[in-house]
Each structure stands twice: as C-alpha cells, then as structure tokens.
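Report on the following structure.
In this document, chain identifiers A, B, C and D correspond to the written order of the chains, with residue numbering beginning at 1 in each.
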Amino acid sequence: MKKGSGLKGFVLALTASLVLAGCGSNNNEAGSSTSSSAPASSAAASSPAASGGTVKVGILHSLSGTMSISEVTVKNSELMAIKEINAKGGVLGKQIEAVVEDGASDWPTFAEKARKLLSEDKVATVFGGWTSSSRKAMLPVFEELNGLLWYPVQYEGLESSPNIFYTGATTNQQIIPSVDFLLEKGKKKVFLLGSDYVFPRTANKIIKAQLAAKGGETVAEEYTPLGHTDYTTIIAKIKEAKPDVVYNTLNGDSNVAFFKQLKDAGISSADLMTISVSVAEEEVKGIGPEYLTGHLVAWDYYQTTDTPENKVFVENFKKEYGADSVTSDPMEAGYVAVYLWAAAAEKAGSFEVDKVREAAKGIEFNAPEGKVTIDGENQHIYKTVRIGEIKADGQIVELWNSGGPVKPDPYLKTYDWAKGLSDQ
Amino acid sequence: MEIWFSQIFNGLSVSSILLLIALGLAITFGLMRVINMAHGEFIMIGAYGAYMTQQIFKSTLPKSLFDAYFPVAILVSFVIAFAIGYLLEVTLIRFLYGRPLDSLLATWGVGLMLQQLARSIFGAPNVAVASPSWLNGGLTVFSGVVLPYKRLFIIALVALCLIGMYLYIYRSNAGRRMRAVMQNREMAACLGISTRRVDSFTFAIGSGIAGIAGCALTLIGPIGPSIGTYYIVDAFMVVVLGGVGKLLGTVAGALGIGVFNTLFEWWSDASLGKVLVFLCIVAFLQWKPMGMFAVRTRSLD
Amino acid sequence: MLSSSILPRRVWLLLGYAFAAAALFSAPLYLNDFRLNLLAKCLAFAIVALGLDLLWGYTGILSLGHGVFFGLGAYAMAMHLKLVSSGSRMPDFMDWMGLTKLPWFWEPFKSFAFAAFMGIVIPAGLALVLGFFTFRNRIRGVYFTILTQALVIITVTLFVGQQAYTGGTNGLTGFTKMFGYSLKSGTAKTMVYLATVVVLILAFLLCRYLVKSRFGKVLRAIRDGENRTRFLGYDPSSYQMTAFAVSAGLAGIAGMLFVLHVGIISPTMMAIVPSIEMVLLVAIGGRGTLVGAVIGAVIMTQAKSELSASYPDFWLFFLGALFIVVTVFLPGGIVGLVRQLRQTIIRRRSVNEINLNPVVPESNGVI
Amino acid sequence: MKSTSILSCQKVTVSFDGFKAVQEMSLELAAGELRFLIGPNGAGKTTMLDAICGKVKPASGGVVFHGRKGTVDVTRRKEHEIAELGIGRKFQTPSIFTGLTVEENLEIAMAQNRGVWSTLRAKMKKSDQERIDTELELIGLGDKKLLRAGLLSHGEKQWLEIGMMLLQEPEILLLDEPVAGMTDKETDKTGELLQEIVRKRTVVVVEHDMEFVRNFASKVTVMHEGKLLKEGTMDEVQRDDRVAEVYLGRKRRDYDVISSTA
C-alpha cells in the first residue's frame, strides 16, 4: 500500500459521514415519524402537515430542462390560484403554503421529488406533471404513499388512478370531438402527423379507428423524432398524399419548424387545413402568428373564451405576470385544479387524502372555461370542448363548441367503434 | 418525376443546412481540434442575434425598412457570436489545447451556462422571428415543384460562406498564418507569428460562422434557448464523416448525410431514417476510420 | 494529519472503508423513506461511475454512451418486473398498441434469473461488438467518443419508436411485485437497498482487483501510449474491448438496481444528457481513482437533489461551472484536490523536519 | 563465416501518398549481429525500421524473419504480433508509460503471455521480481523504482526504455537514435548498456553520432534517398566517395571535417 492511502481513507470516512449526517439531520427536521427499522408506509401522507395556521401543498413541475418552457407557465397559474385563495382566507381557515420542487424534465426526478414532497414535506396534495412520462413515473409513488396528485394537462387517456385527479382533457374531450368536427365539415382524407412519443401514437390509433368507423380515411401516418427540425420530406409526402386535412400532434419545437416550412412550400391554411392539439396561445407566440393564421386547434379553453370567470382570470394573470403573458388551456387546468382541491377540502372538512377524495366526487366549479364537475368514477372532470381558429394577432377564436361539458371517458367505453382499443 | 426533382432539391437543401451548422465546427474542431460542445449554443446565439435585430428594427425604424433587417441580422449574429467566441477562447479554451476530451466536457459546461443565460434573458419559451417578405414564396420550376426562396437563400449563403472561408484560409496571409499555427505551433511561434492571437481569432471565426448559421436557421426553425442541442450531434457527424481538418471533407460529409437522410426518410419514416443514416456513418467509419478525406501523419500517438 | 504518524496509513485506510461500509449498512436505521431511496439511487450511480472510471480514468477512453448500457440493464429488469406485476395479463401498453400476444423476446424475461443475466450480458455484449468494430479499426479518442453519441441517438430513437415493444417515451413503470413480495413494503425496500450496498461493494472490489492486477497496469499503459503497448506485444484492442465490456456490464447492473429503486425507466434516461452527467460524476470525484468515482457519484446526486429544487436557475449555471472548473483546474477532481493539499502539507513538514526520505512516490491512481 | 540469417528484407518499398520513402531496400541481418543504419536526414532509416516492426506496411517487398517461432513474412502481420514474434522497437523519443512507476513499466514489458486473460490472473513470481530487480540495477534506476516514470530525466527515460527492451527479450532489437539529446556522461552509460544488449541479441541501430558508432566495431549500412548506398565496416564506408558526397550533400572537403570529428 502506498503512501496517501491513509489520507484517502480519511476522505472516504469524512465524505461518508458528511453525506449521511446531512441526510440524518434533514430527517430530524422532517420529523422522525419514520422511525428506525420500519421506514415504510407508516410514513404515508395520510397525516398531512397542517400544522399551525398553514397547510402545505406541493407544486412539482419542470423548472429546468426542455419541458420547463411549458411547465413554468402552469406553475405560475397554480401559484396564482393559491395566492387568490389565501387572499380570501385560505382553506379551512388555513393559509396554503406552496412547496415548489423541480422535476428537471427528468422522469425519475419527478418520482424522487414526489416521494420527497409526500414523505418529507408531508404535503396535503401535489399539483404537477406535464408529460405522460412524468405522470407515469409519479403514479406508483402516489399510490404507495397514498398521496394525491392533480394533473393539469390533456393526455392520451387509458388511465385512472384513485390517487390522481385529471383536470386536463382526456381523448374524448379533445380528439374525438375534433375528428367529428372535421368529418362534419367534409374533411374525410386525413394525414396524421405526430412527434414520436406516446400521446401522438395513442391519439392516432384512436383517430384511425374513428375514421374507419365513420367513413373517413387515413391517407398516411407519419412520426418524427422529438426535436426534429426538418420537415421538407414530410411536406413532400403530404403533397403526394393530397389529404383534406393534416391532423397534427407534433410537440414543442417541431411545430415551429413544421409550420414555417409548410408556409415556405407555398401551402397556406386555405390550401390545406391543419388541426393541432398541442398548439396553444403560448406556442402560437413562439411560432409567430403569421405562419398559423387560419389553422385550427382543439382545446377546452382559450384566452378568448367568453365567461365572466375568464375575464377575471386573464386580467389577474396579466397583472401578476405582465401584460405580454398569455393564458392557455393547461394553465387554466392547473388553476382549476387548485380551486377544485380547495373546494373538496372545504367540503370534507379535512386535508386527509381519503376524505378529500371522497368529498371531491361531484364537486362543481365555475372555471374560466365554464362549469366543470369532477367525475366521481374516474376522477377526470367534465369539460366543454372547443375548436378554435388562430387569428393574425395570435389569439384563438372559437369556431365551435360541444354545447356543454362532456363527460370524461378515458377508456372510451361509451364509443362502439373504440371496442378493442382497450380491454380495460 | 416531380417528386424526384423536389426530393433532390430537398436533399440539397438539408445538406446545405447541415453544412452551414458544420462549417464553424470544421474550423474549431477540424483545424484546432477543440471539441466544442458549445457549438450549438453559438448557433443559438446567432438565432437570438437575429431576434434582437428584428426587435430593434420593429421598435425604432419605420415599417418600410423592416425587410432590411435580415442582412443586418446576419452581420449582427456574426459579430456577437464572434465576440463571445473570442472571449471564450481567451478565458477558457486556451487552457485546453491538446486535451480534446477535456475540452469536450468543459465546453459542454459552457453550453449549459449559455443556455441558462439565454433562458434568463429571453425567457424559456420560443420567440418568433418574422422572415423578411422578400424571402416569402418560392420559385415555381414547373407545376407542382416550388423551390422556396428561403431554401435557395440558405444554399446561396452557404456557398458564400464556403467561398469566403476558402479564400480566407487558403488565399490570405491571415489564413496562411492560421494554417501555420495549426500545423506546427512551435515553429510558427519561432517565425514570429503570435500564436495566441491566431488561436483566439480562429476560434472566434468558427464561432461567428455558427452565429450566421443560427441567424439563417431562424427562417425555417424554432428559436429557443435549447435549439443548439438539436444540431450539435449532426454537426459533429458531418465533420467526422468528412474527415477532420479538410474543408472539402466537410462539404462531402454534409452532402452525404443530407441526401441519404432525405432518401431514407422518404422511403421509411423520419425516425427510422435517422437511425439508418447514423448506422451508415458508423459502418462507413469502419471502412475509413479517418473519414472521407483523411490527413495522414507519421506521429506515434 | 498528525495522527497518520501514530497509526500506519494502511490502518487508517481500513478504518475509513470500515466506517463507510458500516454507515451504508446501517443507513436504513436512521434515514427516512425518501432519504434512503435517494441514497440508494446515489449508490446505483456510484456503480456506473466505477465502470466509467475504469474506462476513462484508467484506459483513457471516454464514453458518452453509458446511458445506453445503463438503460439496457434497466430495461431488462423492468421487463421482468412488468411481467411479474401484470400477472397473467399482457403489459398494459402492449394492449393499447394493439398487440395480441406477448412478443417472443419478452417471454423469457418472466424468469428473474434470465432478466438479471441479460441485464449484464446485453450491455456487455453490445459494448463488445461496438468495441470490436471501433478499437480494432483504431477508432479512438474523440472519434470513439462521438461514435458513442451516435449509439445513444440510434438506441433512443429505436426505443421511442418501437412503442408497442418498449413502452415508447413513457418507458416501463407500474411495478408492484418481485419474487411475490410487494415492492412497496418497507422490508422489501430495505432489502433492495442492502442488496445495492452489497453489489456496490462487490463492484468496488472487482474494479480494485482489475486495476491492481497486471491487466490494470496494461490498461494504464494503453492510456499513456496505445501504440507503444502495441510494440511491446500487447493487442490494445482486446484490452480496450474488455474494459469497455466490463464497464458496460457494471452500468447494466446499476441500471437494474436503479429500476428497483425508482420504479421507472424511459428512453430519456439513456439520452445524451444523462450519459454526460454520468461522466461528470467521475470527473468531480477524481478520474483514475476508484474512491473518487464513488465519492463523486454520491456527492453529485445529493447536490443535484438539494440544489436543483431550491435554485433551478442557479443549478444549471452551477453545473456548467462545475464542468469547466473541474476539467480545467481540477483534473484530479476531489481526490486530486485532497492529494494536492496533502503534498503541500508534506512538503511544508518535510522542510521543517528536513525530511530526507528521498522519493515520495507520486500516487499514480492506484487505490 | 556467414552465420545464419535472422532477418532478410527483400526489395522493400514504402510510399506515403505517392512519395517513396524507401525504395527497393534490401537488408540482410545475421543472428547476433550489431548493425548501424546511417544516412542523411530523410534517407528513410526510420521508415525502414517502421517497415520491419509493422508500423507501416510496405507497398511491395517482403520482410522475412527467421525467429524461434519459425520463418514468417511479417509484412502482413499486426504490430503486436510482430512484437510477440520477437522483434522489439525503441523509438527516437523516449516512449515510456508516464503514468506508471518505473517498476510497473518494467513489469509489463517483461516477456510473458500478453493476452487479456493471462494478465488478469498474473501474479508477480519471485523469479520475475528478481529479474526486474536485476534489470533495475543494470539501468541504474534501483532507487527510483517507485517513482512515476513521467518524472524521470530524459536520459533516465531512455535507460528505462532500454531496460524494458531487455526484459521484453526480443530476438531482434531496433533502436532509433538511442543517444540523441543525451549529455556525454549519459551517452557513455548508454554505450555500456548497448554493449550489454549486443552480447545477447541481434540489434539494428539508427544513429547520427559518428563517434558513438565508431565505438562499436561492426557493420554499417548507409542509406540515401530511400535506397541502399553502401554496406561495410566503418572504415570502408568512410573511404567511399559516394558516401562522402551524399552525406550532408557535400563534397570531400566537408567530409574531412566529419571524419576528423568522428
């Protein structure tokens, strides 16, 4: 053994003790209810820390990394809702204290942070997630520790966990009505274009079944890798296939490249209509409205949605985050989630997860998008579907709506043609 | 027929973009052997340069002059990227010559910081750059085949950059000094060339060209803090495939990847196309480990 | 450091190791659920770091593709867990993607032994194949590093694209059982944690044996002068392939453990950013020293968890700065820094005591 | 008198991108011989060594090695195989492993099975340790065996490398300018070491230092522009006009200067 080993041993011991001591002390702060040899489910969040005059809630979005573009805005609207509720006296007489954590666009980090929020901060509930992957990563943690997650983004459905409330649209509140809308308008030949990940693939599977059942036609189905920026070949394929409409499930930056290059190829919305389900006000701003004018989108909420609640929401939001800021569907869904939780807690008279979940069933709330109701069975919410057209000023104007809130159906059980898509 | 024609054009167009993003790297990596992982971030800097120029034109100049912003933006992007590149060389890169793997890690760190800086200044969401109206539309060759002006413009811009670089490197005194330093640092220093200045200047030029690429890319792609990450690996592939240290190799590499990518994407789909292209590159390097145009040396290691 | 003159260094070293091992083994007694989980994650990364160090610190080959090997190991274990958790049914995502039958290559993963075996063999085998084609053709240094990035892109794109077989971007998740026990129970977690500690110690001992053996000396010789070893009669490519395969195998093992702790694996974990962050673990701790790799992994994973939450903006600046500072000013990482301090102390002391001990062997990276 | 040939190079031609560094060069080595290879800069001496040890592949011609392991044409073999057959090479600049200690350098250079599997299980045998210790004494680095080789002086590095070559036990040793850049004292010591080496094996030395060459009464081969110019004893070579002319590219008068210093 050469010299220096002793020192190395010393460093080793020091590091080990520092790191572990760090952990230990943190543990003490957090309350050692997780005592000695049984570090298990007794640590569950079933006894939320509603100590003193405050109640803790977790906010878990990607504040760094690729997804932060989208998720930061949702975090902002959730914080605004908390501020509003606190100003009105809080929930059950307690002020809400938000514990904000960063999921860092990394799914295992979401799981790690969810665990921290539940077992260390002992929050009453968590608002968070954007991608399905992050939700799927958090789900086992919430089920294991019996926590409560409010997930605010439209997604591909086929899920319903007792520990999650879904305030974004499921497929039958966005995709299916929009395809019906297209068919009604006589757009029967559909070109499916999406980023290569779970939501577009699942959505397109549903669309194909729906088109086949209702006399439409899928002329092609194309996927591009996430972050793909050259769409010339795809556009050549679109020209070749001569569809009536392009159903666009591209994500994020790919939308920018696609719409710019589509316009360059001499194709405007008058020549070929596209309908997008991942382009909201925020994205329109980043693409540039001149590339999008006349194209369609499908959501449940727009900044222009005409309800008294929305006027207040948009006004407050601009006051809080600047006149330039826009509001969009996921932001609104995050905002609504906070209010729904507060209402459920009030109704339950407690912050305990089981009681809140029980009380949440059937709760109604006049949201900026109109009246929403929590479905007691699958824990999604009733939402009004809206097809909108993008205008030159970057705003989206409603062309059509479903007339009233649509009952959520994540497994598409009520659609005959969807039999066999899911056996659950 | 039409499809073939337009696909050949698309292949060329993709190649030109690849070449544009790889040209700067051909200098910093090819000549200086610095694995500049922050190259993508210089592209991003160029893109934001275009955005800022546009904003200034919008707010200070009459609307009629707006279309003139783009040529100005190219210059601005080059200058900003050049300046930041110069700064980076002087403060960091000069410690890293001859340590390629370390330069890779350190510049990755630089890339992270530049991304975060852009996020702090411009915000995380994408920003929009309106393209000048004289670049809208396209050239109709025959019915059904439109060659967008923007694509033609980018091809022309690449050709211009290439000619400029060629003239600079192989036909100017400064270029001769640059090549002398890159080939034999000590000897060049003995001959009275300030190697420090040449190093800084060379690196800055490479960065500046990345800036031009970023500016041009605003015409067809997104502008956000993390756009550099989309281009960086492709850029390295182009340089490695072509053969490090050869400008001609970089051109050939870009053409090869661009054309094959377009073809594969046409025949299969975008994901599979990408996988196939990368597999082809790996296979090609088995055959010619030093790339298409190799520089032979006699040194031991 | 005065005490080191009272006790021989070897004793100090053993004491250090013993203390670290004791602290790790007793962690379930004083850490809560979240902290234990986090520590377990750190230790899994420490195993990758060991393998990367063997490859980079000792052989001089920088792989930016270890996320792939990590991921392959993780997927092997995740496939097993998914099958066990789904019981007799097909995994849910296959159902949704319209598969009617379990794909043939999923079948054998019902066996834990097979899955665990594959979790090592697939990454190691892939590394061997890739190494065969690159090292034998003398593709090395930077070229190799860039090729590993190509490997990452190919693998990630394939895993994302083959959603019916891999779960796509969502990856594999929703594991509930293992060996018939619920993974959620406290005992199961403690057991998995302890298993990780044991595996880490075994991996450490393995690496230690490798670097101390003559094999390890040849690796370092290859790092210093690949062609020179060739003229001594060694075939560097077979050594490089072996080091690469062992390193990939370790990454695979780490991936398997990671899945057990975190409960999810998705293609993003295999991408370029996690791969580079794995390298940073080694760089921070100190390349070329095994303890450094472990220390780097533990400290960095903890720091990321603490700092990224409180200061998300600052975190990326910090991470970027760390890359720069470590590579430019502290190539030896934390261990190197400590060594420098020690040299300074020794020098100062030897001046005072007119220490005539002529040769202070510069520690050369062997633990 | 002619002893058995151990290496015969037949009309070896090496070209780099069209430039012929070595042209139809033939060289015959007898077992146990010490041969000096001299010639002006760019004569192709180093390239000739490169061709023998496999660093470059000849465009044409053959290099046949009659070693212990049979007769082999090494031109189609890989470097490490050639080294294993028994041809050792020392490069002009000291190329030792700077990150290893002096002792470790010797340990891996030592003649042994060089497969991955054997080095994994290799134990330092008592006999091996003794060989290494003997060698350390011979090259005068006994008290520095635990020092990192990168910290040695230039001369010490050269000796270490010679020590490594000796432990490698090649049948033919190719040395490229072993005394370049050394002080007089170091040169002397290197000379002694070489005498030691020559006793046991065939050696080819590329050298510029005439005085050094003169110390060894042995055969000299002169190369010029990639070709064989003259072969013979030092005296024969010195008397040769053509050699005088090409050496430094000058006429007789300059050559006198050389021979006087030599």
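Some observations on this one:
The rule is short, and it goes like this: a residue touches a chain if its C-beta (ideal position, glycine included) is under 8 Å from a C-beta of that chain, and two chains touch if they have at least 3 such contacts.
What you are looking at is a predicted structure, and each value in this text was computed from that prediction instead of being measured.
Graph distance from subunit A to subunit C, where chains that touch are one step apart, equals 1.
Ranking every chain by how far its Cα centroid lies from the centroid of subunit A, the top place goes to D. The distance from the centre of subunit A to the centre of subunit B, with each centre set as the mean of the Cα atoms, comes to 36 Å. Averaging C-alpha coordinates per chain places the centre of subunit B 34 Å away from that of subunit C.
Measuring from the averaged C-alpha position of subunit A to that of subunit D gives a distance of 71 Å.
Averaged C-alpha coordinates put the centre of subunit B at 47 Å from the centre of subunit D.
Among all residues of subunit A, those that touch two or more other chains are 2, 68, 196, 223, 225.
Under the contact definition stated at the top, the residues of subunit B that touch 2 or more other chains are 119, 271, 274, 300.
Under the contact definition stated at the top, the residues of subunit C that touch 2 or more other chains are 157, 160-161, 225, 227-228, 313, 316, 361.
Put simply, subunit C touches subunit A in their complex at residues 1, 4, 7-17, 19-20, 23-24, 27-39, 41, 92, 95-98, 157, 160-161, 163, 167-171, 173-176, 184-187, 189-190, 258, 262-264, 266, 268-269, 274, 289, 291, 295, 298-299, 302, 305, 308-309, 312-313, 315-316, 334-335, 338-339, 342, 360-361, 363, 366-367. Only residues 66, 68-69, 72-73, 196, 222-225, 227-230, 232-234, 236-237, 239-240, 253, 256-257, 260-261, 263-266, 282-283, 285-290 of subunit A touch subunit B when the two sit together in their complex. Within the complex formed with subunit C, the subunit A residues making contact are 1-13, 15-17, 19-20, 22-24, 26-27, 30, 32, 34, 36-43, 63-64, 68, 100-102, 104-109, 111-113, 115-116, 118-120, 131-133, 136-137, 139-141, 144-145, 158, 196-198, 201-202, 205, 223, 225-226, 421-424.
Those residues of subunit C that touch subunit B in the shared complex are 62, 133, 137-139, 141-143, 145-147, 149-151, 153-154, 157-158, 160-161, 225-228, 272, 276, 279-280, 283, 313, 316-317, 319-324, 326-328, 331. The residues of subunit C lying in touch with subunit D in their complex are 210, 213-215, 217-218, 220-221, 223-225, 227-236, 238-239, 242, 358-359, 361-362, 364-365.
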